[in-house]
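In what follows, chain A forms one complex with chain B and a second complex with chain C.
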Partner chain A sequence: MQKLGDFKLPHFFNYPPYFTLQPVRETREKQVQLWKELILDYCRTQKIFVIGLEEEFPLFSNSVIERTLSHEAREAFLSALISEGRAEWLDKGHRRCLILWHRIQDWADIILNFVKDNGFEDSVMTVEEIRSGIESRGTELHGIDRTILMRALKLLEQKGKLAIFKGTSADDEGVKFSV
Partner chain B sequence: MADFFSKAEVTSSGRPVLLRSEVECHLLSSVDIESEDNHHFYPLKSGLLILTTHRLLWLPSSSSSSTSSAAAIPLHAISHIFSTKKSLKSMFHSPRIRFQVLVSPDGRLFDPASGSGSSSGSGSKSIVLTAVVRGKGDCDGFLGKLWESWRARAWECNETSGSGSGSGSGTGTSTATSGGLYSSDGSVRMVGVAGILRKEQEMWESTDKSLQDAFQDLNALMSKAKEMVMLAEKMRQKLLSGSSSQTSGANDEDMGSKEEMQDWLLSVGIISPVTKESAGALYHQQLSRQLADFVRTPLQRAGGMINLIDAYCLFNRARGTELISPDDMLQACSLWEKFDVPVMLRKFDSGVMVIQNKSHSDEEVFARIKGLVTKPEALRSGISPSDAAITLGIAPAMAKEHLLTAESKGLLCRDISPDGFRFYINLFPEIDPRDVYLVKDYGICNTWIKAVSTSGLK
Partner chain C sequence: MRRRPGIGGLQTAAAARDQYRLLGENVAKLRTDLMKEQLATFRSQLEEFARKHKNDIRKNPSFRSQFHEMCAKVGVDPLASNKGFWAELLGIGDFYYELGVQIVEICLATRPLNGGLIDLQELCKLLRQKRKHDREAVSEDDCLRAISKLKTLGSGFEVILAGKKKLVRSVPTELKKDHNEILELAYSTGYVTVDEVERRLTWTHGRAIDALDTLLDEGLAMIDDGHADGKHRYWFPCVSSISSFGADN
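Our next item is the complex of A and B:
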């Protein structure tokens, strides 16, 4: 079986029509579904948060069968993810796409669990600490995309679980938990 | 009583079968034919009246086809045509055409083909037939043409030319068997290849003359048209007899050119094309029927489906003169829906239009395509329209249409790459999205993986 790093690729990755956007509706629906699953799967295992449409993305080309997804196809598959709430465009030009293999709500729950597990119920942490501190090492929060983290924290703030306060620069934004 | 008229043969699409060198001149729709004393036959109601150089044909309209069949009145049997009287009364009537026909002693319409005595002897009795034109046809025009055709006595020319060509071929064979350098009439008999060449030369010279004469003016062309067809026919017969008597002398090249010539002459085509002039308002209807008859042979050759453009070219070539416009062609084809003809016009999603047999089934084509794409080689690298064209024995453009149709049915899916446009068997429905790594032990997906893995693509 073909592999991409340590990611196991399915058999149909070598099926040339998989890389051509299919015009027939039923076939296309199935193709889009398979691509969505593969993109989410790959991003989850490889901890990829952002896909740039114009950049090289290992999943979007197959050197074995010499096929590459067209820009149109890439946009179609990512748009399908967006319509399901599993991705978001980061810019109006649709060049960068944020992949949410966990939805924002799920990320928020992961943060809460992290806080509870570490006994931070009433502590203060910087945002950077959550992303790359010793405590988060080995959890899914380690290396999380800043945009996603901020969105999840804001959601928790709305629910009254914490308060975000600003420091002098963007780097030292802090969080006061009150779970 | 019902078989007062001799029966006229019609094709399966409802066009009359014409005699040798018979040409259609004019058509009128919704015509009744009745006799004044009405006891010879049941009146023929509301049919299509066709005037040819030899006959008057009455075809029932499709709705009433069960009650009466097509009837023919040989112009030969007509003894008098009455001129129409313009009166006040006639303005309120449907226009009528009256003519007198000879009746044989057994109470049937006089038929020259049956050979029941000479016309003067047996035609002792005659009755007057009236054609009542209920449609909006050009009645005066029809009458004029009727006069013309009747006076031209085309049936007599036919008899003489028929016997002439018969005796011609007879002498041809007799001279071939009898020896001697001189033929019976004293001229130097032409022998061997040189003879054939000289004969052909002579023929060409006379053809050239005919052509020059013919193009003098259009009227001359019209009258020469029949001669031209006869000439072509004669040349074909000459060529045929020539090739049979020349076995050793003729070389391959000679034979090749002869065959080509024969093909060419055979494709001289439709003797009586339906024209706007002759058919008037019925033009498209009649054209449609003629086209349906015509396309059957090319269709058969092309495997049940032919590109509309190809059919158009073939049809116009067969017509020779009196070419039709693409628009007329399209209209004629779209009228097929209304008639009971064995062919139909089909439009593919891509806009390509084809003529196909009604019996032609996509399922059969799909089955063949499926057989094609499940071969190991095709599983690995797909098929292109030209691959399919070779296997299916059709034109690449048609093959592509078939493949696209198969794709839209979910049988195939496409692969567009720098290598070109290829089609693969559709594996998408086989893949389980919940477990993309699962491979069933059976099914096309498994076959595909095996085919791909044997090629070392892993």
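Our next item is the complex of A and C:
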């Protein structure tokens, strides 16, 4: 099996027609399904949060069989993820796409567990600390995309689990947990 | 002999007919008895043989296939019933019913990928993977036998021929001769182009397009427009077995 780093690629990745958007509806549905799973799997294992449609992305082409996904195909696969709440466009031009292998709600739950595990129920942390502090090392929160983290924090704020307060710059936004 | 007139003559003739009939019946009876005896002997011999080679029949696929052939020649079908002597002796019925169920499972599971048409060799390979806990080997012949039993369920399982290759169809699509010829052509590379179909089969453009479009619609073909020469390629998952399509194979 072909590999990308330590990621095992599925068989269909080596089958040329999967790189062409299929015209027949049922065949296309199956094709889209396989690509959705592949994109989510890959992003989860490689900790990729944003895919740029016009940028190089290892899954968008396969040099072994000399096939590349067209822009239309890329957009179709990502749109399918979006319709399931597993991705979001970051811009109106559909050039950058946020990949949510955990939904925002799931990320919020992960944050809550992190808070409880570390006894931060009434503590104050900066957003940067959550992303790259010692406490989050080895957890899924380490290195999380800032946009996703802020969305999850805001969701928790709405539920009254924490309060976000602003510092003088974006770098020192803080969070006061009250779990 | 001069034919004598009167009632006596008629009676004699009737008596002679009776005698002939009786004799004839006797001869026929003797023959049937002899035949029955021979068949009984044969059957007991066959049973003895089966009992003696029970393990070979179970474990060795080619031995099994030859045993089936022998049974077919004398009109015995070991698979006809699961209650008969053969089933009890060999458990052979269960073996094929189990295979049948597993074949249905594989066909259903791969249908989204291959449109309901799978190469027999590929099916066997998947079947062996599925049964790897089992020590008993499974041959293509066994697959074909199990499939022929599935046919009686009317579920549309059928083996079709594309040239020398056998494909197992699990969808009710009726494949025409044109489609089979395209599949046969695709066997070497896994795909065909419209040009290739026209040239190799000496068809008109319309005929080629028509057949290929049908195969696309049925989910048996996938289109690939990514090759550098710009020609559309029609790929057939059922002949290139996408489950084994990878750099490691």
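As a convention for this text, the second predicted complex is superposed on the first by the 179 of 179 C-alpha atoms of A that agree within 3 Å, B and C clash if a C-alpha of one lies under 4 Å from a C-alpha of the other, contacts with A are read in each partner's own complex, and residues count from 1 in each chain.
In the analysis below, a contact is a pair of C-beta atoms (placed from the backbone, for glycine too) under 8 Å apart; a residue touches a chain by one contact, two chains touch by 3 or more.
Since we're looking at a predicted model, the values are computed, not measured.
In this overlay on chain A, chain B clashes with chain C.
By the document's definition of touching, both partners, chain B and chain C, reach A:22. Look at A:12: by the touch rule set out above, it reaches both chain B and chain C.
By the touch criterion defined above, A:138 lies against neither chain B nor chain C after alignment on the C-alpha atoms of chain A.
In the superposition on chain A, A:30 contacts both chain B and chain C.
In the superposition on chain A, A:38 contacts chain B only, with no contact to chain C.
By the document's definition of touching, both partners, chain B and chain C, reach A:64. Applying the stated touch rule to the two superposed structures, the overlap between the chain B and chain C interfaces on chain A comprises residues 1-2, 11-12, 14-17, 19-20, 22-24, 26-27, 30-31, 64, 66-67. Within the complex formed with chain B, the chain A residues making contact are 1-2, 8, 10-12, 14-17, 19-20, 22-24, 26-27, 30-31, 33-34, 37-38, 64-67.
The touching residues of chain B, when paired with chain A in their complex, are 382, 407-408, 410, 413-418, 422, 424, 426-429, 431, 433, 436-437, 439, 445, 448-449, 452, 457-458.
Residue ranges on chain A touching chain C, taken from their complex, read 1-2, 11-12, 14-20, 22-24, 26-27, 30-31, 64, 66-68. Within the complex formed with chain A, the chain C residues making contact are 112-113, 115, 191, 216-217, 219, 222-228, 233, 235, 237, 240, 242-248.
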